[in-house]
Structure formats: C-alpha cells, structure tokens
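A quick write-up on the structure given underneath.
For reference, chains read A, B, C, D, E and F in written order, and residue numbers begin at 1 within each chain.
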Amino acid sequence: MIGKYEIERVESGIPGFDDLIQGGFPKGTTVLVTGPTGSGKTTFAVQFVYKGAEMYNEPGVIVTLEERAQDLRREMKAFGWDLEEYEKKRMIAIVDGVSAVVGIPSEEPFVLEGNINAEDFLRYIYRVVKSINAKRLVIDSIPSIAFRLREESRIREVLLQLNTILLEIGVTSILTTEAPDPSRGRISKYCVEEYIARGVVLLDFVEKGVELKRYLLIRKMRETKHSMKKYPFEITEEGIVVYPSGEVY
Amino acid sequence: MIGKYEIERVESGIPGFDDLIQGGFPKGTTVLVTGPTGSGKTTFAVQFVYKGAEMYNEPGVIVTLEERAQDLRREMKAFGWDLEEYEKKRMIAIVDGVSAVVGIPSEEPFVLEGNINAEDFLRYIYRVVKSINAKRLVIDSIPSIAFRLREESRIREVLLQLNTILLEIGVTSILTTEAPDPSRGRISKYCVEEYIARGVVLLDFVEKGVELKRYLLIRKMRETKHSMKKYPFEITEEGIVVYPSGEVY
Amino acid sequence: MIGKYEIERVESGIPGFDDLIQGGFPKGTTVLVTGPTGSGKTTFAVQFVYKGAEMYNEPGVIVTLEERAQDLRREMKAFGWDLEEYEKKRMIAIVDGVSAVVGIPSEEPFVLEGNINAEDFLRYIYRVVKSINAKRLVIDSIPSIAFRLREESRIREVLLQLNTILLEIGVTSILTTEAPDPSRGRISKYCVEEYIARGVVLLDFVEKGVELKRYLLIRKMRETKHSMKKYPFEITEEGIVVYPSGEVY
Amino acid sequence: MIGKYEIERVESGIPGFDDLIQGGFPKGTTVLVTGPTGSGKTTFAVQFVYKGAEMYNEPGVIVTLEERAQDLRREMKAFGWDLEEYEKKRMIAIVDGVSAVVGIPSEEPFVLEGNINAEDFLRYIYRVVKSINAKRLVIDSIPSIAFRLREESRIREVLLQLNTILLEIGVTSILTTEAPDPSRGRISKYCVEEYIARGVVLLDFVEKGVELKRYLLIRKMRETKHSMKKYPFEITEEGIVVYPSGEVY
Amino acid sequence: MIGKYEIERVESGIPGFDDLIQGGFPKGTTVLVTGPTGSGKTTFAVQFVYKGAEMYNEPGVIVTLEERAQDLRREMKAFGWDLEEYEKKRMIAIVDGVSAVVGIPSEEPFVLEGNINAEDFLRYIYRVVKSINAKRLVIDSIPSIAFRLREESRIREVLLQLNTILLEIGVTSILTTEAPDPSRGRISKYCVEEYIARGVVLLDFVEKGVELKRYLLIRKMRETKHSMKKYPFEITEEGIVVYPSGEVY
Amino acid sequence: MIGKYEIERVESGIPGFDDLIQGGFPKGTTVLVTGPTGSGKTTFAVQFVYKGAEMYNEPGVIVTLEERAQDLRREMKAFGWDLEEYEKKRMIAIVDGVSAVVGIPSEEPFVLEGNINAEDFLRYIYRVVKSINAKRLVIDSIPSIAFRLREESRIREVLLQLNTILLEIGVTSILTTEAPDPSRGRISKYCVEEYIARGVVLLDFVEKGVELKRYLLIRKMRETKHSMKKYPFEITEEGIVVYPSGEVY
C-alpha cells in the first residue's frame, strides 16, 4: 500500500527483499530483473518460482530460453533446489525453449517448437500457465525471446503484448534482460524493456578496491513505495539473500 | 508574467511545483515531461489531469499508449485517485491506445484502433478533447506514439503537427518521453522532443552515496520566468510533492 | 576593427553583448546562435530583429519554422515586445513556415508553402527581405530547414548556399541550431553549421551546485577581435541581458 | 559445492586458480576466457588442455582458428610444453582451422575444410572429441568462428548451439573471445558471448603508474561459489600462475 | 635538419612559429592545419600565402571552398592584408570554389565549375599553380573538397592523390580540416587526413577557468625535429602570433 | 627464451628496445606497430629494415602504401639513412604502392599495379622477398592495404592470410596501423589487427603539463617474456632511441 488503497502482495521468496517493497510484488505485475553477466538474474528468477512453490504453495512456470531445462535443473541443485520434485507435483512447469532450436531431441513435457512466431509463443505460455494454474511466471530472457522469434525490430511491440497479456492472466511475472553498462545508463539491452515493465530490479556490481561487490537497486515498482538505495546481496549456498540494513561501500 | 504582459496560468496540481513557474503552466502550452525509467513521469502527468478535475474543475483527457486504461486506473488507486469517479462525471476521459494493438478486446468508451496513421490519431484526440470540453491533456508517451504509428522517421514532423494542433485547440498538455541519460545531455529519446515542446520538465535521480535521490529541473518554460535549480521531490502516498526550498544534495 | 581596416558594425540590441564584439556584428555577416533546449536561442534571435526595428530603425525579417507566427507573437509579449506593431509599420515581417506543413489554414501575410525545395525557399526569403528592405534576418531554426526541405543529407550544401546568398544580399543574419552536448564538443546538430557560419555564439548552462547558470560564449566572429570568456547572462522581463563584467562561477 | 549438492570438479592446471572456484570448473561446463590483446587468453586455454593431459591424464582437443597448428606448437615450446608428444599418444588433438582458409596445404591430421557451415563445424568438433575420448576442449577463438563461418549475424544462435552440444557431450570447454574495453563494460566482442557461457573469466590489465599489471577476475561461474576479487597473475616460464593471496594494486 | 642531411625550409610567415620547426616547413611538404570552429585555421592558412608573397617574394595560390573569393578578401582586410594588391601583381591567385556551386555568377579570374570530379579538380589546381609559378598553396578545406566532389567515401584515395601530386609539383601546401573533438583523439573529420599529411598542426582551445585559451600543437612534421608542447597563440590585429616561450596554463 | 626452449632472436636496430624483449623479436614473427599520427610508426619500421641491412647484414623489403618510394627515401635522409645505397647492393628493396594508384608514372624497380586483389598482392610481396632473400619485411600500413585492395570488410581474412604466409616464408615482419585513441582501448583502426599479429608495440603520447611525451609499450609478444611498462623514447637525429631505464612521468 502506498496510500489509501490496499494492494495484494506476492512474496518474492528472496530473504530480505520484500522489506524493500512493502511486503512483496504487487499481485499480477510484471517485473524486469536486469544486470550484467554473472549478476544473479537467473538465480533471482528461479528462486522466485521455486520458493513460491516450496514456501507459499503457489504453482509457477519457468520459460528457459538460454539453457535446456535439464541443464537448469542440474544447476539449481547447487542451491539445494530440487525443481523436479515440484514438477512431479505439478507445482512447477519448465518450458524448454532451447532444445528444438539447437536441434537436439528433447523428452521434456513442455517444449517450444523450432519455428514459432510471437503469437504462437504467447499462446503457448498462456496454455502452460493455465495447465498448472500458475500464479508465478519467469521468462529467461528477453534477448532470447527476440533472438528466438527473430523479432528484434519488433521488440517493443512484442514486450507490450507480453506485458498486457500477463496482466490479463493475472500472473506475477519476472522477465530478465541484459544490462550492458548500468553505470552509464544502459540498464537494458534494447533500451525499451525498462519502460514497458511495471517494476525494474537492477542487480549489479560496484568496485571496492580490487573486489566487485554485489548490490541490488529497485529502479521502479508501480503501486509500491520503495526505497531507492543500493542494497548489498549475496549468492549464498541457499540462493540470493538481500541485506536491507547492510552497506554496499 | 515575465514582464508587462499578463499570461493566464494553469495550476499543475503538483504541490510545490507552481511556485517554480510563476503560478502554473502558461495556458494552452505543451510541456514535455522527461526522465529515465521509474522517475515518476506517468504519475506527474496523471496527477495533472486528476487534480485538474478534482481541485480546479477542469475536464481532462489521458491518452495511455503504454498500458491499458484499466491497468492505469488500478495503478492510480495506490495514490487514492479514483479516475473512474471522474470519468463517470465526464470530467476525465481515458483513451485506451493499447488494447487494439495487442489484440485484446476492450469495453472502454475510448479506444484507438489497431491500424491508424498520424492524421487519424490527431483527429481522434481532437474529438475526445472536444467531447468533454477538456482543458487538460496527457499523452503517455511520445515513443509509444512513434511505435504506434510506425513513424519513427517522421517523429519531428508528427510532433510539430501535434504541438501546433494542441496550441490551436487551446488545451494545456503534457507529453512524456524517455530520457536515456540526462547527465550526458540525452534528455529525450529522439533528441527532438525538447526542441518542439514549449516547456520541458526533467525528472531524474542523483546518486548520493548508495542512494538515488529524486530531483526535478525545469529546463525550459516559454512565457515564464523559472528557476534553473534542481529541486527535490518525492512520490508520496498522495502523489508527487515538490520541495521548492529543499536541497537535493 | 581588428587592425587597419574599418568594419561597419550592426548593434545587436542585446544589452552588454556588443561590448564583447567591438561594438556589434560585422555588417552583412551570418551568425550561428546555438545551444541546448531552453538556452534562449529564439529569444536572442527575435530580440535582434525587434530591437533593430525599435532602437535602430532597421527593418527585419523573422522566418519561424518551429512555431506559427501567431504563437511567436504571443510568446514575445511576455517581454513586452509587440511584434505586430512593427509589422504594421512594415518594419518587421514574419514568415510563417509551420502552418502549411501541419495543414492549418493561415491568414498570415507571409506563408511558406507545404511542398518547397531549397531553391524556392531561398528565393522566397530573398523576396521578403527585399519587400521591406530588411537589414536584419532571423531563421529559426536550421534543423527545421533540414526537416522542412527534407534535405538532411544535403544540409552542408544548403547552408553554403544560404550563407553565400545572405552575404550577397548584405543582410545581417542570425541562424539558430541545436547543440546536443556542448561540453563534449557537439555544438551543432549536424556538426557542419559552425564551420559554414562566420560567427558562432553559444548559449549554454553550467552546473553550479544544484543550479544551472546561463552563460554565453563567442566561439567565432570573423573580422572581429572578440573575447573567449564565458559571460553570464539572464533572461529578464525585458529579454536577454549579458553581463560582460560578471562571473559565471 | 555451493550448498547441499556435490558437483564434480575439473582441475584447471593453472596454479592458484582452482582455489578461487571450489577446486575446479564444474565438470561439463563451458567457460569463456576473455580479455584484450596480449592478456594471455591463448596461453590460459592451451595450458588447460596440456596440463589436463600431463597432470590429470585427461585427453583434450584444441581447435585453433587464429594460427596454424604448427605455429601454436612452436609457440608453446617457449613454456616447455611439447604438444606433439601428447598428440602422438593420442592424448591431445589439434584441429587446424587456418591452413585451408589461407590456402596453404597442410599435413595436419585434423584440418577444417575451407568452406564449412555451422552444422559441419559442430559435427567435426564432435567427431574429433569422440575420436580421442576427450574430456577437455578449447576453441580459440569465437570471433574466428564467426569469421570462419561468415555468420556474425547469427553468432548468438551458433553460440547457443555450441554451448548446448558441448554440455550434451559432457566435455569441459574453454572458448576465448576478445574484450575491447573491459573497464567500460565491453567484456566481449559481440556483447553476447558472456551471457551464453556458464562461466566467464576475464584476463585484463590495470595501470599502476607507468606499468600495466595483469589481473584475473571471475565474472561468472555457475554451480560455484567464487570470489569476485581481482587476482594478480603472471605469465612465467612455465605458463600462467595465479596468486590468490596477492594484491593487484 | 634533424641529422646529417640538409633540408630546405619554407618560412611560414607566422611570427614565432618557425622557431618550433627548425626554421620552417620542409620545402614541398603538405601540412594539415586542423582544429575546431573559430580556432584560426583559415587565418593561419591565408597568412602563410600572404606573407609568402609580401615577405619572401614567393607566389601562392588559395583555393577557397567555404566562402567566395570576394568574401575572403574583405575578411582579410581586418588584418590589414590586401590580397587584391598581390593578385594584380600575379603573386597571389585565389580560386573561387563556391560561386558556381551556389549558382551565383562570378567575375573572378579563377573559378571552379559546378560539376567537377577529383581528376578535374586536381588538374585545375595544377594549372593555376603553374600559371603563377606558385611556391605555396592553401586549400580551405578538406571537408569542402569531399562535399564539392561528392566523394566522401573516396576521401582517403583523393587525399592520397592530392598529397602525392602536390609533392610532385614541389609546392609547399596547407590543407585545413575540421577537428570535432581534439581532446578525445578526434583531430580530423574523416579520421584519415592526419595519416596522409606529412605534417599536422593542431589549433585548439583549453579552458582556463571561464576563459578559453588558444594553443597550437605540432602533432607531426616529417623531416623535422619539432617540439611536442602546447604553445599559446593569439589572433592579433596583424594575424596569428605564436609565443614559443609562453605558457598555456 | 621464456622457459626451456631456445628461441632465435632478430635484433630490431632500435637502441634500447631489444633489452625489453629478451634480445630481439622472435625470428619469423609478425609484429604490429601501432599508434596515433606522428607517433613514429614509419620511422620505427624503416629503422628496423635499414639497420637490419646496415648492422646485421640482413636484406629487407619495405612496402610503402602511403607515400611513394622516392618521398620515403628523401624523408629518411633526415636521419642520415641512405636507403638507395643499400638498394643498389640489393640489400633493401622498396615496393612503391602509391604511384600506380594516383596515376603518376614511376621508374621504380618494384611497383604495385593499380588494380590488384589480395592474392596478387600477397604473391607480389612473396616474389620481392624471395628476389633479395629478405629476412625482414615492413608493410606501411594496414589501413592502406585495406584501402588499396578495397577490402575493408574482408580485413580480418586478409590479415590472417598475410600473417600465415609471412610465418610460412620465415621473414620477420612489421606491419603498421593507426590507433585512433589508445587511452580508450582503441589501439587499432579495425579492432582486429592486434589479435591477428603475434606481437604488438604501441607508440603513443602522454600529456605531462603542456607537453606531450612519447612512450612505447609492448602489449603483446608471443614466445617472449616482456616488460609491461611504458618506456620513454625519442626521435633523435639518428632515429628512434628507447630508454629502458627512463621514466615517462
């Protein structure tokens, strides 16, 4: 709640993060998670869905466009997250958006075909979300959508469609994108993503002597009174932890 | 009034802001509100129309090209602003410029069609303004006009037309645009918007240690003696408040 | 006079300015006034023509390509300048270069047609200058010429023609252009204007704490020994005033 | 191991390096080694394969696209590494990707043909890897792949395919790329490589007075808790040595 | 002379300048004079030819491509230089490269035609140089050659031809070009001019508080031992004066 | 020698330089000499060939693509280097790559024809190298190759071919290129040259107060343990001298 109107919140599952945004993301909103390589975007996004299933009993969908579902599953085991367990319970669905493109046969239950356009893509996501009645959705990543759909020139239009349809479905979503150089104002690959999304979370580094320190900054969150500080966070053995009272420098 | 000639002023409805511009915007002027993502452009623009209706009894039109009318209405409730109430009184009209583009049926009273050119767009806005005898107008945003009309190459011409027609109608208008990197002189997406508009208000951030502080700077306001200082502002539970005697640093 | 040769000077009508350039612009020269948005270019240019008529009894022409003649007239009343009064006396002529482009009928005496090429444009200006025997000319602005004539690629050629013809007519002229980022060496939109013009006056801002301070810098003035300092100036209730003994910082 | 899940590690053969990444690269992962010219990328990559054969008895493949196999062999003798010795034992295979392109006949056992597409390239690498049952693979370099396959526009797609197929084969791989300007956020030539790879190691310089000091920074390493510090390293007579307790400045 | 070989020198006619380059330009060399607008390039170049005629009795040719011959003559009178006097004596020839392009009839003795290619241009210059047996030549400016010949893409080739032919003729030449941003390494418009020319003189500004100070830097001078310092210079009532013992800061 | 393997060295003929690279260039290597205009690239390269003939009795070839052979000869006399003397002894051969392009007849023994492709170019160089049994080769410059062959888009391929063929011939070579802005990481014109070459020597300037100081930095030298410091050097009356114990600042 900013003012007089009560807004339903969706807890992120990221320890420390919800304190910064009045208890959670506004329900049904679309949030952009952006940052340079190695900043923890995929971990942030998967944690949102995994913890949603584990802690809040909310089904979630992960659309993975940069690595195969099986590679993602293996990787997430490093945090002790067993995605497969929740997939069996139909609490999590992973859409494999890589196998068909690279021409490797896949035995995944949810596979995006090789040749697909924006409309088919949106329709497929809609179907998977509905099939497990998902409340949470992750698409990793926007540049991979653009590449996948061969639609870089139409990226603004596709994002506007995507954003509107996700709002219509009522699912709370995280989209990831690449931020080539946040300190110079380039916080997204196409310079468009941040204007379309209703929330923007930047994961970045700051140099402190010879060390890079991770920090998180909420650049935008509609319907939410949020802090504008850079908060330190870590990628621990159990995923991302934000320190709302910590100091980056 | 700068000098000998009395200029009619339109109060902005933004607490603290009118003190900076001799009591309000010059009547009938077109003002560009620009800034990076999350800087409060949409809030500033909607507040101008909402407070116009609520406090000054002036009808206003909001053309929303980045989110659907219904999403905007919901979002603004966070500030306690009930747009629908004034829509029923025909004091506010919202033109939904998104639904048709993304292919979702809309029950809105004012809907922009999917395929439309610059002339149709201007004519439609003219009609809606006249239909409620609007004194205030918001178009959010210029990059979405360019995208919507597929007219990026003709953006200078379209803005000149838009600006002239708005002056002709006599409506006081706010147009929003994206400022990729204000500190490096890029205060608009197409590097053109600020030259066409008769007023330019920049909403931006300044880093103070680990925190981003919001500030507002009036870069241009024709027919007005205005300050050139950076004023702090906040997005409070009741919308934007500017602190004319505050310090950004 | 720099050296042994006496050069006829045209007083600018800008208080404080002529002290910086040996008493005035060299007669018949073409001067570029450049700067970012809100820096006072249009005011500087119109003041040159208005004061020319009012104080020095010299007829002048204003070609307005960014706003209609009627909008310019209204705007200038803020400084107490009644352009119409001198138009009636045939001391000032305003060429409306906007109405036809945006498709609004105009009752102006001097109107540029909608479809026009560089040659027609130059010929029309020549005719208007001759019709009131103008000694001063303002064209606001070069980017609007380029846009108006759809000749961005030929801008160097058009400026060379314009500059030479203005020298031939013997009229002292001010052309305005946009300077995206003067502190990084970009003092004109096409990076060409400053080389063609015989004088260049930059109007810009410098940040002093949280405030932007206006300053003026003469970058070039042929046939003139001029200072290379940044002088503070203000846009007062009576137009631009330069402070030759002031300090910007 | 970050958390609860045991990850198999592949020792790098770079003294000091494995301490920074929990004992080695995650088995089967693809790591990008990036940096400006002269930063030691080729040495790092070849050392990984050579030491793999020499110290860990693991066969490895080197695909050399910037110099001929014979030039690489000669060059590596400077470090006392006799590649030929292990080639004879079928512990190392070098794929010569240069001779055919430049039109020089080659007597190498593994030669890439002159005209080849992405699919052929991947298939050939797969065959060579299988032929010696390689556990390690180096491709030097990505820009040369792009150039070799004349596929710069499809580089994202090719890298995604390459990355996925390497994961599928189960070989631990190093790909090199060029980093034009790491201090300004450009850590790869195509701004894509770092997002596709699962690990990113930057080799770079920092100016200390009149001297350039070498440092190594791990920007990303999936499934691995890694330091974010800049570590000094040297190119010694026996190859690269990293100093985990050293100071760059 | 740098070493054992005696090089014939051509005195520049710029007070103070020859001290910096062992007494003058190497005879027959081509020197690029570059700098931003208002830095004094045209004055430097014309002074070289005028003083050549006046002080050293050497005939010279000025090719003026940015303003008409008559405008240049008038302008130079500000320094007390009467070009016409030496034109009558056939000591100076001015080639008017503007009139025909802008379509104004010219009574000049040397006029470049409107439609002309690189070969014609070089041939015409050759003829004029020979007709007065010129020892000095100025072409103002290279960007205007490129524009005049509509050959921007072939600029490297045209400059190479020009440079070689001038060396062949044995005339000592100054070519001017535009330097958009010398402090960022952009010392010429096409980033090519400085590599083709055998000497490069940069005229630029340095900010000292609120004032711009002029300085001159010799970036290159083949066959000459030259200083690499920034020397202050002024544009006085009698032209450019360099202060070899002065301080810029 | 870095380690256990003895590498044959080719002395550069530049006083002070060989101390920085274990006694000389690795025999048969290709070295890029890069820097901005006026940094001494041509002098460095010619000195390598001239001193090779004079001091080490090794024949050498100079391919001059930016000035004619005769202009180069004259210029080098300033250092007391009489190229012709060694040409007569067939110790030095100069390939004139300019005359035919600019259409001036040439009486040089080695002339590149006007229309030539990459293959012809490489073949011609090969023939000249063989004809005098050259051990050293200079090509001045890479951008001129690109321009000469009209092959800018294929520059990577041409350089790879050139580099490999030079290695095959066994000649030790210096190629020059232009470095627009070394301090911002742009150390070559096409951003490719430094990756293809096996050694990179940067000649550049550093500002010390109002003076530019020359320095030399070895960015890369395969098979060589080299310093990474900036060493001062001068262009003296006898050519380039490097000061291995000097300080740039």
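Everything below uses one rule, namely that a residue touches a chain if its C-beta (ideal position, glycine included) is under 8 Å from a C-beta of that chain, and two chains touch if they have at least 3 such contacts.
Keep in mind the model is a prediction, meaning the values are calculated, not measured.
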- Message: What's the minimum number of touch steps needed to get from subunit A to subunit E?
- Response: 3
- Contacts shared by subunit B with subunit E include exactly C
- Taking CA centroids for every chain, report which one is farthest away from subunit E. A
- Task: Sort the other chains by how far their Cα centres are from that of subunit B and give me the top one.
- Result: F
- Query: From the C-alpha centre of subunit B to that of subunit F, how far is it in Å?
  - Reply: 60
- Query: So how far apart, in whole Å, are subunit A and subunit F when each is placed at the average of its C-alpha atoms?
  - Reply: 52
- Query: In angstrom, rounded to a whole number, how far apart do the mean CA points of subunit B and subunit C lie?
  - Reply: 30
- Listed in rising order, subunit E residues that touch 2 or more other chains are 184, 186
- Query: Mapping chain-to-chain touches, which pattern fits: line, ring, star, complete or other?
  - Reply: ring
- Message: Under that contact definition the chains make a ring. Starting at subunit E and heading to subunit F next, list them in order.
- Response: E, F, D, A, B, C
- Query: Which subunit C residues qualify as touching subunit E in the complex?
  - Reply: 1-5, 7, 156-157, 160-161, 163-165, 167-168, 184-187, 191, 194-196, 198, 200, 215, 217, 219-225, 227-230, 247-249
- Task: Please name which positions on subunit C make contact with subunit B in the complex.
- Result: 36-38, 66-68, 71, 74-75, 77-80, 98-99, 101-104, 141, 143, 147, 178, 180-181, 183-184, 186, 205, 209-214, 235-238
